[in-house]
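Listed next: structures, encoded as structure tokens.
After this come two complexes, each holding chain A, first together with chain B and then together with chain C.
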Partner chain A sequence: MNVRMNEFKKVLSSPIILGLLILFIVFNSITIFKSSYFKDDLKVLNEVVAKFGYKIDDEMVNRLKEYYEEQINRLNEITEKRTAKRYSSVSEFYKDNFYNMEDVYSEEEKMFIRNLGIIENYYYEIGQVDELYSNIDIIAKGEYEIKKYGLSGKAADTVRNQYREFNERFHQLIRNGEHKNLFFMGKVYKMHSLLFKTIFKTIIFEIVILSVLITLYLINYEFDCNTEYIIYTTKRGRNLIIDKLCIAICSNLLVATIIIFTALSLYFTIFNYSGLWNVPISSYFNAEYSFPYMSWWNMSFKQYLFLSILVIYASMMLFTGIAFILARAIKNNYIGFFVFAIVFGLFLTVPNMIPRNTNLIFIGGFTPFFLIMNPNIWFMENEALVTFKYYELSTISIWTVLLLILSVLSVKRFKRQDI
Partner chain B sequence: MLIVNNVSKSYGKFSVLENINIEFSKGIYGLLAPNGAGKTTLIKMLTTLLFPSEGEILYNGTDIFSMGDDYRDILGYLPQEFGYYRNYSPRKFLHYLSALKGIDRDKAKNRIDELLKLVGLENVADKKMGKFSGGMIQRVGIAQAMLNNPKILILDEPTVGLDPKERVRFRNLLTELSRERIVILSTHIVSDVESIANEIIMIKNKKVLYKDSPKNICKILSGKVYEIEVDFDQVSNFRKEYFILSERQEDNSMKLRFISEEKKDDSWTAVNPTIEDVFMHVYKDEVIKEG
Partner chain C sequence: MDIICFELKKIFNIKSIVLLVLINIIMYFLFIEFEVTHFPNGRPALDIYNMFVEMENTYGEFMDEEEFEDFKLKYEEAVKEADEYIQSRKDFKMAGINNYEDFANMDHENEELYELYSDVIFKKKIDVFWELPWREEYIRYYENKEELMLEPSSNEKQELRIKEILDKGLETSVFNDVIFSNYNEFIKSAAKTILLSVMFIITPIYLKDNKDKINYLQYTSKTGRKIFKKKIFAGVLASFILVTVQFICFFIMYSTNNTSMFFNCNINSIYNSIISWYDLTFIQYIALTVIGTYILAFVFTLIPMLVSSISKNYITAIGVQLPIALFSFTILLKYLIDYMTSIFRFPKYFTGLFYMILIFASTISMIIRWKREKRADILY
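On to the complex of A and B.
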């Protein structure tokens, strides 16, 4: 019998872990299905991208204009036939036909008008992109953030420096034309928030809960079963704790993969991104509010998604390490999980008490607890406390080293500890 | 040879064992003391579960803690109280433990069949242990301790939960095993070790009080143990005057076994002391407290 395989079977035999995993998958599916009512709207953009590409340049705009005008003519053919009226745009049509569309137009016609309305939105938004970006002042945004968080002194200087650096990136973004690419209209559909905030944040919390539970469960398994005297006096002895940690990591990787795979498979089955994988994440159309999403690097949606998944896996590893250290100190799993929840809360609240005129205020942001709170703004210009180019990488690296050291010390201590 | 050298164990200011010195070579050693005397603490140090506060434990001259898995490789241990995986069968549990003990899979298979037969569990070898009786679990425990054919076999209260027949069988098994290994058997049940132990170790007041053969230990009370038959109404007075080792009702009187420094009455019959008598004598304070 393989020892590690047996440790893995212990995880699989836990009804709580399996039950929670199934519950989380069902919950994620419901969350995705709940938002699927506008999935057909998204297909319109895919058709536009299939015809004209996603890159917004003069040629593309001219071709789209031509197409749009053709479609408006087609609209007028329909409206003339039905109501003897002509319209210069779909929005004008809707103003005029707000109440009586149902009786006058066939289903097919209504669908055509609806889709043309979506195309019209994109067409007119394209025309505003340059003007909108010419009004963006990154330095002013930095000052706004400083005011918002009440920062002063060295803390405010640090934020200014970061925004000064980001300002260069902003100009590079403009030069690259990253903003001038078609993507699902964020102000209408909020797809970035749906995927990277609602779904990813839920996924991350689910993975964290399961990772902590699995790690606590496996590390303390022998103490729970009262088998510690038999197990730790065998030849493998206390080295088994290393096997347990390895299997906890593997199990957590598996659980994370199952949750991510099921959620994203369903998401991308329902929402068609087929023509948009390579659109830069900093596209103007991705913006959901007045200030657009802008990444520190030029990266496509596909790359951003991949990197975000990597951060989820890295966070999972960090929380496994935290749970391992907790499990070594606390033998009761329920108390262990409770303590983890308290630690989590403390790491989010205590940094707020640090004076806002020193750079210490930023330390609180560089924790895995803070990192997982806003997955929708990873690798992007962000709020004042975490607008650092290498924020995600630094947080993960620092905590990896810290937890590795603590884990090694914890294992060494266990080997010299009375059982 | 296993040597316990000036070993003390304390938890903060609370001392459990002080300056313990014992040498173990092949044979059965009965570690005899009432509950709470420090037997389990000593055993946990011998099995590397606890670390001595002072002193060292050497196996063939090497510290057992620095030997690490080499030491645990030759160790078999049955704890006083131990858990098991309720959803596992004895066979599966033993297979898992043999993997932890580094036993080759094929060898383990034969050894497990052999041991399951030896402890009389071959008929339930594949049944889940969740519904096993205490005695059956204890037999699984005995089997796991012997899986790796250990050179040092340490058994803490091994006969708890075993019925009289199983106890006899277990004692015979130990006698056979002790020919080629060190067997340390901790118990507070004197009959477990009286007949089979080569040496008895008694711990009192945190120290080793006696370590000798049962025959020599019995000599401590030589000429001091008597038996007498008395009427029921005299028993109370007798108890006040002498330390009673045992009482047995016989027809219309009571047969008392007691200790006296000298023979004061011809009706007293001098008898050979047993280990149980010595145990009662040595731990009389604890016996009175427990009583």
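On to the complex of A and C.
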């Protein structure tokens, strides 16, 4: 146990790893703060959800309508008092009063109008959901993706099959009414991209960088300090490498947890998600562009977040494994780090050169390197190359098995290695 | 001199070179290749490029009033060509579209008409229909050039500069944003690759010797601690060689973009997206960005040297330089290489000053390090 503690101390006492960790946390906080300017606008939805619930059904729509009309009447009371005009909606009001709002209305009234405008937006969008979803054609989307990536032959057939399968899921989604739920309006605030793309991608890259550095540092520490011969002659001897791997994994877990915890706790204190945790991630309101986000399974925001964090941990483990194998093969950490970067680059560039008419093209997608590039579309229908139902799960499990075998071989070789 | 030669050999050892080549190939395919193989990138970029090549051929570097009349004539001819095409098709006649004017004012909401439109534009991709809207647009630009040029200015100095350009008539230069923005993307990625390569090759320069405890041997030799200075020289020389070789390779790639006819055209054109503080031609702008990259490469030779001489292991060296590299590649390059000398980015002398500060700061810190090295204790 003592040896492991001492190994752990090596990580903790390394100023560079701690320094990078703090730098990354500061950077994440800045990223989150930078987009916090619209957090007050989001609160309007929390209030609406608290009053009417997030599920959109006839009863809820009617109650919302009543409420909305009541508020419009209040708006008209205000406007009549100030300008003797009546409006049927806030957008009409804005059209009329875009420039001279400043002096006519008090702060409180402006706030009221602004919030009512937001409610109006949601109210109007609710009315459009059914029509929008009746126009969505999953098979056509598949064809579009095939064209976009220039696929043909067998590769195109595979994508077509996937989209046919997803089409069933799409109908199930409609039957469940997963799309008819209130959520922060994606087209305006892009909360899904902010959390799962901007923040998660930064977090993942930070975790990958740190875990590779920690793993290289620990595994090659003895060679770095020229103490390997002392280690070899001890009772524990070359088994030390297994302790090192364990500690590397533990410290990476710790580092990942610290980064994820600090970033997410800051995020969720700034942005209030109360009442929205159980909204399905495939909600129409989550959509940011013309095509909505649609998950392969019926899952809530909470579940999606939890699974995404799990994927981050899993990819961290995979990268630790890759770094371990590299560290074992290359004793010079400097070369090792750059070889890792090169391997990363190769896994991103080489698949592009595979001919696009065979199923081989999909192999390039099933790597942890490709997996971490788009965290915002995990578990979802997404671009042609990775739109498989169990894409995340299979990538992680295939690579776990692969890396386990390689690690065992690598450790065995290490034990029999010549001095 | 011998020592410098040996140091160069040490820097360019076979292992480093293999990795360097791999890094460059990957960086090339990830960032640079697109700008080189996809130029002009789709349409209407291709049509605009062809149009400007033709303009350059017939009008030379600038388009004066007389040549502008000719440009308008060409527009008329193109309209005629489009008219003929439209009249040759029956389906257009059926839809009540008899000439290009009708075509341009077509109601895109109407499904039938939109079908015709997308048939010509997206399916058959008839050149003249891609070209015409831009010819129209550029005629409008030329006619309103003074207003358009002055419009974005936000302070007096910018306005003065724009007026100066207008006085000299530089805004009529035959040069387009399609070429310019492509070059900027290209040079930004090239600079990124170059700086990364320099960092990679320079970082082990002291660290390797210190780790192998060769520095104690070096201290006791006749050269003694002067080796530190010689290594600086060798490192700068090495990065100079490296940058030059890389530039040669990258510009050979870039030459396939075929933009050499525009080399003598002024970049302050109404058709371009930059207004520069200086009257630069395209080739001068290229030279300026190349010099800028050389200076940055010099700075990025000294920073890794400094880090290399004070860090005890490679992880420290990497960990310290990683944030520096990420910061420079994402933010610094955007301000120092991309759209260099643009009046909307910095005041006139700011860019030059910034480069000066970078050079001085890195040189001075290296001098301080050398002073310390002279008196450094060998016990630790």
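In this section, the second predicted complex is superposed on the first by the 418 of 419 C-alpha atoms of A that agree within 3 Å, B and C clash if a C-alpha of one lies under 4 Å from a C-alpha of the other, contacts with A are read in each partner's own complex, and residues count from 1 in each chain.
Criterion: contacts are C-beta pairs under 8 Å (C-beta built on N, C-alpha and C of every residue); 3 or more make two chains touch, one makes a residue touch a chain.
Small disclaimer: the values here were computed from a predicted structure and weren't measured.
Peer 1: According to the stated criteria, A:S14 is in contact with first (chain B), second (chain C), both, or neither; which is it?
Peer 2: In the superposed model, A:S14 contacts chain C only, not chain B.
Peer 1: In the superposed arrangement, which partner chain does A:S290 touch: chain B (first), chain C (second), both, or neither?
Peer 2: neither
Peer 1: Thinking of the overlay built on chain A, is A:I209 touched by chain B (first), by chain C (second), by both, or by neither?
Peer 2: Second partner only.
Peer 1: On the A-aligned overlay, A:S134 touches which partner chain: chain B = first, chain C = second, or both, or neither?
Peer 2: neither
Peer 1: Who does A:Y217 touch here: chain B (first), chain C (second), both, or neither?
Peer 2: Once the two structures are laid over each other on A, A:Y217 reaches chain C alone.
Peer 1: Go through the superposed model and pick first if A:I335 touches only chain B, second if only chain C, both, or neither.
Peer 2: The answer is second: A:I335 touches chain C but not chain B.
Peer 1: Once chain A of both complexes is superposed, is A:L348 in touch with chain B (first), chain C (second), both, or neither?
Peer 2: Once the two structures are laid over each other on A, A:L348 reaches chain C alone.
Peer 1: Would you tell me which residues of chain A are touching chain B in their complex?
Peer 2: 1-3, 6, 13, 225-227, 229-237, 239-240, 416, 418-419
Peer 1: State the interface residues of chain A toward chain C in the complex, per the touch definition above.
Peer 2: 14-17, 19-20, 23, 209, 213, 216-217, 224, 332-335, 337-339, 341-342, 345-346, 348-349, 352
Peer 1: Name, in rising order, each residue of chain C that touches chain A in their complex.
Peer 2: 15, 19, 22-23, 26-27, 29-30, 200, 203-204, 207, 211, 313-320, 322-323
Peer 1: Hey, which residues of chain B end up touching chain A in the complex?
Peer 2: For this pair, the touching residues of chain B are 44, 47-51, 68-69, 72-73, 75, 77, 79, 81-85, 87, 92, 95-102, 105, 141, 144, 148.
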